[in-house]
Amino acid sequence: RLDSFVSVSELHEEAKRLLPKMAYDYYASGSNDQITLAENENAFSRIKLVPRSLVDVSKVNTKTRIFGRDISTPILIAPWAMQRMASQRGELDTVEASKEFNTIMTLSSLSTTSVEDLSSATNGNPGWFQLYVFKDRKVSEELVKRAESIGYSALVLTVDTPFLGKRTADFKNSFKLPNGLSLKIFEKLMLSNLDGGLNQYIATMIDPSLTWNDLKWLKSITKLPILVKGIMCPKDAELALQYGADGIIVSNHGGRQLDTCPSTIEVLPYISKVVRGRVPLILDGGIRRGTDVLKALAFGANAVCIGRPIIWGLSTGGKDGVLKVLNLLNSELQLAMALTGITNISDINNSIIWDQNKYIKL
Amino acid sequence: RLDSFVSVSELHEEAKRLLPKMAYDYYASGSNDQITLAENENAFSRIKLVPRSLVDVSKVNTKTRIFGRDISTPILIAPWAMQRMASQRGELDTVEASKEFNTIMTLSSLSTTSVEDLSSATNGNPGWFQLYVFKDRKVSEELVKRAESIGYSALVLTVDTPFLGKRTADFKNSFKLPNGLSLKIFEKLMLSNLDGGLNQYIATMIDPSLTWNDLKWLKSITKLPILVKGIMCPKDAELALQYGADGIIVSNHGGRQLDTCPSTIEVLPYISKVVRGRVPLILDGGIRRGTDVLKALAFGANAVCIGRPIIWGLSTGGKDGVLKVLNLLNSELQLAMALTGITNISDINNSIIWDQNKYIKL
Amino acid sequence: RLDSFVSVSELHEEAKRLLPKMAYDYYASGSNDQITLAENENAFSRIKLVPRSLVDVSKVNTKTRIFGRDISTPILIAPWAMQRMASQRGELDTVEASKEFNTIMTLSSLSTTSVEDLSSATNGNPGWFQLYVFKDRKVSEELVKRAESIGYSALVLTVDTPFLGKRTADFKNSFKLPNGLSLKIFEKLMLSNLDGGLNQYIATMIDPSLTWNDLKWLKSITKLPILVKGIMCPKDAELALQYGADGIIVSNHGGRQLDTCPSTIEVLPYISKVVRGRVPLILDGGIRRGTDVLKALAFGANAVCIGRPIIWGLSTGGKDGVLKVLNLLNSELQLAMALTGITNISDINNSIIWDQNKYIKL
Amino acid sequence: RLDSFVSVSELHEEAKRLLPKMAYDYYASGSNDQITLAENENAFSRIKLVPRSLVDVSKVNTKTRIFGRDISTPILIAPWAMQRMASQRGELDTVEASKEFNTIMTLSSLSTTSVEDLSSATNGNPGWFQLYVFKDRKVSEELVKRAESIGYSALVLTVDTPFLGKRTADFKNSFKLPNGLSLKIFEKLMLSNLDGGLNQYIATMIDPSLTWNDLKWLKSITKLPILVKGIMCPKDAELALQYGADGIIVSNHGGRQLDTCPSTIEVLPYISKVVRGRVPLILDGGIRRGTDVLKALAFGANAVCIGRPIIWGLSTGGKDGVLKVLNLLNSELQLAMALTGITNISDINNSIIWDQNKYIKL
């Protein structure tokens, strides 16, 4: 049945049909008027690629490397919460697909599978771990050390969520986890029940007083490389490097935090200019086509993360659905590379972006 | 029931459902083809905010000061006419909410509650008073002196209404006040009945021959600070200061006067540049989200006024509805401040507006 | 009944309801995909006016002068064909309204009322006459001399119609005049019947070999001032003056000739710059509001012509309908002048157009 | 019945009604989200032509010359595959119409009529031949020599198809040729049946390792002029000339290859600047009106090819339908020339394009 889908948008439609409204709304929504949510996608559509011809493209290769690890594609899996609302095995399905495709998944701090279970399921090689720093730093410290000890290979510090963005549908639905599911990390932390609503509760746990100095502290308690996720301002990219970030993820949280902030692809070229290849640069937000991946790489990203496309794949077909999405997008990337005359990820640069100022007009 | 609303636009829908068509149309309409009405809102949506990260935002404070008075928020209540069509107690509901929230309401010259009643209801501290100068200057003079003597703390001189804008729906509805309501200020002035239609009548009272010299005259008869409301041209901002204005309100009357004039947020940065902080600068028009407030402040406003959001709140829930709107918008403002890394109103400046010319591109 | 209409667009809707489809389509259509037709209106909506305040606007006057004649408004009536499809008395209704309002109508070469009858109905003061130069120059010469002798006070030479534009609906409807109506000028010229379709026939009469030298010839056979109608290129404006034009009408024939040519208001400022007030400059196309008139005058026009608004007025209410339209638009113009701080037509200039490059930004 | 159609878009509608869904979808589709497909048309609509007046346009001539051959119009027929799905005689209908109109058709490599039959039907003067270079170069060589020997007068080397673009509808429809039809060139090459789907099969035949050096090889095996089709980058235009191309066709394959690449008319002026008249320059993509043809020529093209308009014509009326389309578009071109004051193809240049930077504003 999965064979019949030829694009991410069709999987989106199918997932919308299959999921309970509360779960679908939670997954799909952006904040406020969802202007940034839409803009994340639309901004990609406005960027134009230049076809090139008569280059030998019989072998197009999407392999690349990040933190010394070989992966089959620059398309990584973004951390997203509560995956067991989408399939029964949730995060386990996703991580197994990521291993099979030889790419990297980042486990969310708000996962419905424990860090331990994910590690076991992958023989101690589960990928990256996304961290929210809690008000109780001791708790965070233990969490980091535990993750490091059981095989997570990098930390993704999400910095765009001192408070949760305002998502209308979740209020309307009084969003909470379905019976039987729980946030595994929080389960350990306390026994308090969550009457005020789940989002409310999470909000009270995350520490809004975090500053760049805490990045230093984090580096002092772990040997893992730390990627700072949620950078949208060139000045913050500079600060991140200054304070020792090992990688930067340009992200606006999929349009779920500050509405009317720019799309990620719009700010990327300005952040690339600051980063100048000193650390890996990743973009997420709005990627729905292989051409979108190519555009992000052309503007300086080393890799991209995808959130919702994976959600729709997992909801539609579990592990196979996730693989389907990875295959779809990676084939589209390969085709887009061929049609722009590029055979290797490392050869991608902004010369493939149409920019009329580069040429002279009649 | 008010708890179920999470945005101004939902309250708008509810008010539309509740109000008689004639009242709703009067409140909602703009002039002619309502291009400026729409543009007031759309222009905000096009402006993009830059998220900032890892700033300690555990304490975000919206307190500010205007004319030496501390208020809890830079969100003030615009003068708007005939509030008793929206709730039974009309202006009294609104003013009580303003006091409870510790912000400022401006009473309209076209109010359905008298200046005296509003003053009594607030123990002689009703806020500001909006003035139309009438053809009979003696009448205006008495009105000003009366307002000053019973506690109004500033005058808002509306200067964009030498004639009323053309609002189609009001013509179609032969708009008039429902039985039992009257314009309290006019009631005193004369006994003539209003057969030619209410708008028609008002139009004949307001003096279209007013000039900047009349601002001098007005200053000579009162000690109250005078804000000039309805400035849209940088040259008029300069003139206002030259003739002694104590404050400027950038406003196009909520799109109800000259259609196809610019949105207020579009002209604000040019007027800020002229005013250079010499007097308080306020913007109204199209504010529907906390992010809109933040954008206005970033472009140089010291505060904003809101008209229709208050109308929808009052129509839906009386005093509590007004409080609901103030709470909604102020929380949104607070969240937007947190996500742009700002903790105090006085720290807001245009560095939080995305402007690609400030950065270098790959 | 006419009292209930408050805008040109409402009269448009009513006319659409009242007219037979064939007539409505003929009147409403533009050429090809009607891109210019739409753009004529849309371009006005995008231009923004700057409100000005505290100017004495108690007396706003729309009087102006053209070719030494005082008129009550800068709004003239464009020549448009076959008016008896819209009302029984057709051109007679229109001309009587024009006299009553003290403005000028131009009689079309394709009128369903003869030049003589129009002259009689106005005591020998019918206004201007629009000329198509026919392949047989003798016929044209006689026509010009006749018109001059019976009181027409200017000639409007239409130069944008060497061939008729392609209007889909007319083909589909096999457009022809209803029984009983005829093109009065052609009636005299020949007896041939019009089997090939009316547009087809007209097309074969008009001379596509006309050049600027023919303007000289035309001037040699008449003392009347000659306005060249259909200028859209600044270079043609220069040529027109060079060859002796006494006035220029910027027009794209209401979007009925070359589709995807610019709107008239877009080219006007460039043509004004060439004309520099040496002769009267008139614009037509897309004017539906008083603000549109004001914008045209601000960009250098001395007057405007309106076509379709008059058509809708005549179709809805005959002479009174035409008066209604003139009243509506002139009142809107007056109000727009007041709100931009202008009291006389001669004081209008481009300072009332919002242009952010004129000011400095924060 | 064909008489009732007055525009290409009406023929499009009719063809959609008449064709089986699978064939219609194959013909109409673009790749991915069809952004380039739409943009090809929309970009033309945004370009504005300047009307000119009082030029003698009684004789407007669309004759032109290409590779020393006189043709009646700059409108040529693009190579498009599998024409027998549209009419029974397919390519034979199209070629006969092209001869009758005295223009040039290019036979597609994916034709359902053999190169030989087309040659016979035209007495050895069938027009141009479009070439895909196959993995087996010997096969390609034989094909080229055969085509040359039986009268094809130029080769069109399509270089934008190392792999086929992703067209959703064809996947959904499991697109294949209807019974009884076959790709005549492939028929000869092998007997394998096409179970993997037709597009799939074609893809495996075309050689994605082709480079500019193969253009040299191609020139070495034929005396025919070679046009390189599918150039979208000014740098590739330069390379094409360097490697000996005799003509360049700016094309994005009608939006069927790299989605989100620019429209062809957008890149044309930059490619014209590179080519500087050294070889014939042709554009295809999105031409639906005579004004589009005129715009392409104004930006430097010597001729245009049309694909889908011919498809709709052939589907609606066979050979007569193709003639209808050629007549429609050429008449529209003629009218557009007249209204821009141009009488000969060689007089067209970019002065007829509205560009406000060429003029001074009030």
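Residue numbering begins at 1 within each chain, and the chains themselves are lettered A, B, C and D in the order written.
In this section, a residue touches a chain if its C-beta (ideal position, glycine included) is under 8 Å from a C-beta of that chain, and two chains touch if they have at least 3 such contacts.
Being a predicted model, the structure only gives us computed values, none of them experimental.
> On the document's contact criterion, could you list the chains that touch chain B and likewise touch chain C?
Intersection of chain B and chain C contact lists gives nothing.
> For the copies chain C and chain D, give the interface type as same if over half of its residue numbers appear on both sides, and as different if under half do.
Mostly different residues: under half of the interface numbers shared.
> Sort the other chains by how far their Cα centres are from that of chain C and give me the top one.
Using the mean of the C-alpha atoms as each chain's centre, the farthest one from chain C is A.
> Roughly how far is chain C from chain D, going centre to centre by Cα mean, in whole Å?
42
> Measuring centre to centre with CA averages, how many angstrom lie between chain A and chain C?
So the centroids are 60 Å from each other.
> Return the residues of chain B touching two or more other chains; collapse runs of consecutive numbers into ranges.
Residues: none.
> Taking the complex as given, what residues does chain A use to touch chain D?
Interface residues on chain A, with respect to chain D: 4, 6-7, 44-45, 47-58, 289, 291, 332, 335-336, 338-340, 354, 356, 359-362.
> Where on chain D does chain A make contact in their complex?
It is residues 32-33, 35, 159-160, 162-163, 165-166, 168, 171-172, 207-212, 214-215, 228, 230-236, 239, 252, 257-262, 266-270, 272-273, 299-300, 350 of chain D that touch chain A.
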